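Listed next: structures, encoded as structure tokens.
Same chain, two partners: subunit A is paired with subunit B first, then with subunit C.
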Partner chain A sequence: MGTANKDIEIQNFFIFNSLFGPKEGEELKKIIYYYPIDDNTGVQVENVGLVEGIIQFTQTFNPSNPVTSLHTSKMRQLYFQPEPNFCFVLTLTLPVVTKIKESISTIEYMEDDLQDNVYESCLKQLYYMYRLFYGTFESTLANHNLDILKTQIETFFNPYLKTIKMDGLDILTIFKGIQYLPLDRQNFLKIQCFINSLESKWEYIKHTAFLYNEHVIWSGLEPNSMQIIYQYLIETLLPANAEVELQGGSIPRNSSLPFSALKHGRFITGPSNLKHAKTIGKIPKIYLFDENEPKEYHLVIYRALSATLCLLIDGSIQLKLNDFQRIDDHINPKISPLVNDIAEYCSKQVVTPSNSQENSPKFLYFNKLNLAYKSSVHLDNKQKGNITCSKESLRIMADMKNASNFLGPAGENIVKTTNDYWVFSKTSNLREFYIVLQQKNASLVDISEDVHRLCQNELEGIFFHPV
Partner chain B sequence: MSVDTYSDSYLELSDNPIRFEPVNQLTNVFFDDSNKDVFTVRSGGVMGVVVKGPDSNTPLNFRMEDRGTVLSIKFSLDHQILAVQRLSNSIELMNFNNDVLDVEYSIGCKKNYNILGFIWSNINELAIITDHGVELYIVIPAKKSVKHLKTVLIPVQWFVWCPANKIALLASAHGSQLQPVIIKQSSVSKLPKVETEPGRMSLERDVALSTLYGIPAVLILRHQIGPHTAEVQVHLFNGPGQAPVKAHVLKLGLSGRFAINIVDDLIIIHHQTSRSSQIFDIALPGESDGSVRYHTTIAPIKSLKPTSITSPGLVEPHTQDCELYSPNWVVFQPNIVIDAKLGCLWHINLCLLDLCNQVNDLSVCTQIVLRRTEGKSVLLKLLSNAVNEKTPNLDKLQESFNHINFIYRDWVEGELQNQLGSPPNVTQTTAKNVTPPRVLIDQSTMFEEIFQKLDGDLNVIERVLICYFSSLAEYEILAQSNLNRLLVSTLARQNKFTILQQFLQYGVISDSKPLAVLLLSLGNMHPSSTQMALDMLARLKATDEIQEVLLSENQILAALKLAKDEANPRKFLTAAKNTGDATLLHSVLYYFRNHSKFSSILQNDERLHSFINDYNEIFNSTEK
Partner chain C sequence: MSEFEIEPGATKDSVLVTSESFDNFEQMSSSLEEIKYGNVKPNDDPNSVLTDDNQVESTSNTAETQSANANVKDEYVENSIDWTNKKKHVFVLSTAGKPIYSRHGNEDKLAWLFGVMLGLFKYSHDSIKSIHAGDTTYLFLSKKPLILVAIWKTKESVNQVTLQLNYVFNQIVSMLTLRRLIKTYDERPNYDLRRLLTGVDRLIDHVLDFSENEAAFTLGAIQCLPLALSDRDAISKAIKDACGKIKNLVFAILLGNNRLITLVQMKKYHLHPADLHLVFNLVQATESLKYSESWTPLCLPRFDNSGFLYAHVSYLSEDCQACLMLLTVERDVFFPLSNAKQKIVEKLRISGCMEHINASLLAMEESALASGFSELRHYLYKCKSTAQFYQPALSPPYTKDKIKLMELYKRAYQKMHCSTRQLKLSFERSFDEVVFSWDTKGFELYAIFEPLIDTQKVIHCVSKLLDWIKKREDKLFHLNAYTF
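And then the complex of A and B:
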């Protein structure tokens, strides 16, 4: 009995362009990238051919709405065409549960545990993350050639795919939201002034974002761009740095005293040690697509205490070591008092949360206009299963999200599960709101009242459509 | 001194000095700093006495008998009695009316007493300072007599009088003992002594009495000792029992002969050798050692602006440049300079804008200008210049706004307390009158004079506005609606809706109905604008407006739920009909029909019947 439970895993992931090998015998040319690299070319060509076939076949029935996924009993295949003729394909194995009944074990594939909208979003992020650092495929082809494109894709995806965990993704992946830090007007404006002064002093700093721990306080970027940079910071860059910064002991968001060990700010992309650095170090270049033309920037990240400052510097500028020194001289003395004030404010806000009890209602909030989310369902934003409600409820939320289009500008959806979970979805004023509560023998009226109270407490100052 | 001390000067002598006959062998000149009268006495008075007051248009002219050299001459405060000192131990008094002197009477003191001077301390009160102390008399002109009121015995070598505060500073032991006395209301009372370093002597000309920011002050010039250059010690009479407390030291960095003037609460120290003046403001923070604050000159040291006088000549008027910082100059408080040889009395004026150009730091300038009587227009000019630069220095602007709003906040709070503190049934006396600050720049002024006039780079306007908002928030002042609107439109014009959204989220822009309407009108530029407007209306509990918004977006049922019993059936039915959605019309009509309040209206209001007809038409035809 070797088979145990298995999580969702990547079976394969590939990118192809049918136009690159239209003739028979040239099928391999279509493949731009294929993972895992140890699949032999025969398998690769077969898989690509199958997908091409499915896409073409389905197109005859619904030309305006291309196929996005393929369900089989053991796996799920998701399709995404980010640029004309370039197709992304992600094949995932379904999670497996081994059940033993009367000493006979049976394997069950949990089809419902893998939700299309969650993993479609995940697939899209693969592309957008790539595009952030390398720009579009088309622009690379136009400026360089296919070989360079292939090298870039390999350099990016080979390590990236290894770090991604496919298991435990939920509705948060669909939103890919940004967490904002609640802050008072005065402190917010101080940060705003600090950034204005920085941007007006160095005109080549085109955009700035200010984060406190994992929460955004200020972003001068369009939400779509901020979203992807935010994902990069939260998932990749900051965790990698936190390990360096803290040997033992985490930084609680609400700690009242900032830690003396990290008194001085420093660049985490760029020269790491300004006194001894001889070169400016590695600075990622990124591409943003907010305007008609994609724009190139240096992504310079500065960290001081718990604050992270993202400076998007005009990509055409050649940065020199003394630019960094001067920027540091400007930022360093100003940022510490700012961060201390924020920390002080946050420490005052910590009230023993009333909803810390096991069975109190949990909620998830998302505003699609600024991509802000707030969640008491998730204890962190790492998506590693650190949640306060059942997985099933989260799955119901994702399904409800799929159905929310039918509700129009405002509406509600309520589901009751067999184990006394109530899941509630509400759409109003371009926002989405999900609530989970577990209550035995409750009536719809009770639940509605609970939900109403929660909305008033957690989301004051927001317009809700009348029910 | 080099030429550049003359360029860009910020101090000037008044344009029209009071002119009088210069001192010569026959003519003596006296100045009475209580009445600010200049006396020219020709040949002991026989050839006439001319008195020019501050309004020199009507000089007094009279003759006196020559009965010896005049040592001192002063009118009483109402110009009804003239007091003349010719001998060392008596004062002669003459009633004065209609330019004619009346009979004389006199006050004498003990033979061995020596009169150092006399002061008209009140309308008819005359204080005589002798080397033995102060004697106070009341003069009764009708009876031509004097009555002794009080004597305070104390050794005096010289004294300084401040007419504004009625304080005399009596010096003994070569100026190492300085005893202030207040002479008013028929009494003489001692104040605690001025604390000076033991045995440190001072000269009369190095001590000045004046008022700084409403507080009486004594300024003592201390000349160079050892490596230290000269300094001025400022003692303010604000300790317990009006005791003088050494509070400030002005570092002069020079040595030589100095003279002190006060202009608009700024201390001006003239230095004769270098022919230049330094300027100090004790209200600036300076460097503190805990009890005393040390100040240096607030602007580069400059000379007074050159000036000239015109005298009638034989053929044509003759113009003559005046020698500045002349050895013939005598200065009086607060801002008087007299050149007796030239026959001129000037007032020193401050050119505030020129001073600021020299100081060149917006934050310091703001602090200086906020405390000047004519500061408002200058400050607005400075701010206007600063914000109109291509890249304004935001940090300095922020500091400047903070200084402005610090005063603004205090004033607002004072006003508020005044309003709260004086309900209509309480008499006016309990309500403390808030003296308005010298320079008050409120939000309306900022909006009208600064922000409304900005027309350059929108990004710059945005940053300057944010600076101001931040400063208002620092002092917990809510921004006015016109500023909020300006910020919203500045952001909208740059298409910065993401930023606008963050400002609303963090409460930078406060809620109001007009603002919500503005946001609604921007809804076609960015959907977030409508979202924010609805949120704002919800916070303002503006149900009617929300209803209208929902109706305009064809969310008729939502609007109907919100309207509850207040709905206007015709409005909703019209809206439902206009959507062309039969089900919607059905829902709305049935809602009204089943509602206790509306069902009768539906029946009785003929204007609504058309909807029922429409309804029947639609649904009867589909049923067929």
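And then the complex of A and C:
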């Protein structure tokens, strides 16, 4: 069967603005960023030209939204226009399967395996991640100039594109959800007190978020802002630091372990070693768009044991080394007992045994209101294909997510695949729940009973409309 | 759920070639030359199969008179909001960008648009397939030497509309043959094909509406007129007897009310449902066939797209509105076929079959509710091995909203047949209904239930339904194939 297969790869990625080169012969001026750099300018101009043609052609027919994707026999192109006249274009190669039939091998492009809704989300995230660190294109143009904008975009995207692996993306990319850690009241209140005292002591700390391992316990940010900061923490900042912290030791698979070796708290953005530091080090500036006007903040991150504390400090403040010393003096003694309490609480809440077996049902839950997700399908949240069910069933989930537009505000769906496993989905009240069951000889009636039981066990207390 | 043993409607010798409806549309099943020269000398005069211009003119002429007012297209101000908001646009152009067909609006006034579409197609190195923008989808289909484009705001999938465009292309081929189409453009790339296609607009318009509204197209299957087995056999036999001695008669098709009554065929030759759909389309769209016997060349693209068959088309009689089509490879046998038709009519009258056909044509099919399935609103049952299907009469809430029902079925079919993620079964509940789809080795079933039904009841009802169909299979399906 399949040999010499190829996964989804980035063919090119570019950003252009048609207004920048309206005259003939000036087409190159439209291009603000183009990846990969080894495509010659002729190819670049041609690619932009095709996109412009498609945008114009599609508008003739008054679509409800601007164009989002182009399918051709070998590639997929996705579009996103985040700001007026600026267009993001991501071109992906279709996954390829080589099939050998009667000793003749044929190449087949698996069009249905590249799902628009997954990769549209991925493209949008590219922009939102950029905007988090540099603000909008328009504001850069208004305050600086095009050259600076181009430099910023290059500095950001050149390394960022290299880190993205297109292949492991699935329905989680659509959710871009946040994992929360449910705590008992006592512990939750302790953390709340700790944060309140911190925020009242330093007025320039505008927002705070508290994470334990990769789970959010408290966030004072708007969900949309937290979503993108969370992605940055989980995908970029924390993994990079985990390597530093472990210093050569192998990285344990279990995500609860990597940071436990750390005894004392320290800043991971800001001065890394307070005793010897001479400067405050590098602190990322970020822009949040919760209100009408974007706001600028310093993103200061402090880690102690398995806990991560995000402090969003008013961007107009000039932070000095002794600010950090005072914050550290305040946090350090308080945070260790807090983290120990959480760890103790968590160790008592051993993961439900129902999910330990190989063939046990795997589930995925997402709540659009607080962006929370829970998954026993994904072993980690790195989107590197570390999953407990087949890729096919994840694709079926994304299909179901797509179909939920047809089903209205509430609906459910059970399907049986040709490989004899079952996928279930239920949408209600802006919450979504998916289950994969590997039970070969089960009937539809058995499965619907199983699913009913699982919903009651796993989602106890979560309100679903009875469908 | 255990696979059901029974497979209602299955039979050993199917009258139709079977295939998935999303299959490759270019594959042909037969060769006309083989039929014509199979028993005589091969390659005697292969070109004679290709018709000359006169022959085509005669089609066009009949078509023209039939559609005297078809050219009075609705007047749109092209590019107005009314025009852009049409549910589905379909355009056909040549690879040189010459406009051939536009579903809404006058092609000549849309020349600019045809130019843009050709530009996009060429600019993408002929590889463009579809574009997606919110509620609107744009599809490009290259069928050499033509390019077909559809732009729609309905909820249909790309596969479904691709299927529709294939029908449009086949409709054009059925009037010209592919050989002639290619030859025309080889010789004159800038040729205005509309000159050869006068009156075909109307057939294309009709095949578009037809394929949007009829489950037969979605399923790639044919629905039969319910008739007792003995009646259907008697009719087939009457046709066989009357036509058995006529040389080179390939198919005899009797249809009524958009349902197949019977199909008798030359040994070894089979008709593809997609071709039969074109025959249905021709009969449905051509009112004038009712008033006189007609003789028309017709190419069946899935049978052999390089040459014409000749069709003798007539309604049985004024008091029996079933249409008989006799298809031959001989171009000058109008009178023998006309005689044969008279003989068939006489036999059917004497045997009483005519009355039974009339009774069935007039009878309304039962709704699922009337058949005793209280929570089943509607269903489609397709027997895969024979490419035949059955559906009950519409019942509320779909009597007033057939489009919604078709949308449900199209979506269900698409979901079950997604190329890399085919499903065996799906149970889908929304506020409005439950859609149950089941694809087994022998059959496909799509059933719509009341929204609050539970899975237990669905399974119970489905097995009852299969029994119900099994009991009536000899009436609902064409089981015994007769050959000349």
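Definition applied: the second predicted complex is superposed on the first by the 444 of 467 C-alpha atoms of A that agree within 3 Å, B and C clash if a C-alpha of one lies under 4 Å from a C-alpha of the other, contacts with A are read in each partner's own complex, and residues count from 1 in each chain.
Criterion: a residue touches a chain if its C-beta (ideal position, glycine included) is under 8 Å from a C-beta of that chain, and two chains touch if they have at least 3 such contacts.
Note that the structure is predicted; figures quoted are calculated from it, not measured.
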{"item": "Three-chain arrangement built on subunit A, subunit B and subunit C clash or fit", "value": "fit"}
{"item": "Touched partner set for A:Y345, first subunit B, second subunit C, both or neither", "value": "neither"}
{"item": "Subunit B versus subunit C as contact partner of A:F188, first or second or both or neither", "value": "first"}
{"item": "Touched partner set for A:Y365, first subunit B, second subunit C, both or neither", "value": "neither"}
{"item": "Which superposed partner A:T58 touches (first subunit B, second subunit C, both, neither)", "value": "second"}
{"item": "Winner by number of subunit A residues touched, once subunit B and subunit C are compared", "value": "C"}
{"item": "Contacts of A:P409 with subunit B and subunit C, given as first, second, both or neither", "value": "both"}
{"item": "Which of subunit B and subunit C A:P223 touches, first, second, both or neither", "value": "first"}
{"item": "Contacts of A:N429 with subunit B and subunit C, given as first, second, both or neither", "value": "first"}
{"item": "Partner chain(s) touched by A:Y180 [first = subunit B, second = subunit C, both, neither]", "value": "first"}
{"item": "Subunit B versus subunit C as contact partner of A:F86, first or second or both or neither", "value": "neither"}
{"item": "Computed vertex angle (subunit A) for partners subunit B and subunit C, CA, steps of 10°", "value": "130"}
{"item": "Subunit B and subunit C, minimum CA distance [Å, superposed model]", "value": "6"}
{"item": "Shared subunit A surface residues [contacts with subunit B and with subunit C]", "value": "408-410, 467"}
{"item": "In the complex with subunit C, residue positions of subunit A that touch it", "value": "46, 49-50, 53-54, 56-58, 60-74, 110-113, 116, 392, 395-396, 399, 403, 406-418, 420, 443-445, 447-448, 467"}
{"item": "Of subunit B, residues touching subunit A in the complex", "value": "391-392, 394-395, 398, 460, 463, 466-467, 469-470, 473-474, 476, 498-499, 501-502, 505-508, 527-528, 531, 534-535, 537-539, 546, 550, 553, 555, 558, 561-562"}
{"item": "Touching residues (chain side subunit C, partner subunit A) in the complex", "value": "1-2, 79, 81, 84-85, 89, 113, 116-117, 119-120, 123-124, 127-136, 138, 151, 155, 158, 411, 415, 418-432, 454-456, 458-459"}
{"item": "Interfacial residue positions of subunit A with respect to subunit B in the complex", "value": "180, 183-186, 188-190, 192-193, 196-197, 200-201, 203, 218-223, 367, 369-370, 408-410, 429-431, 461-467"}
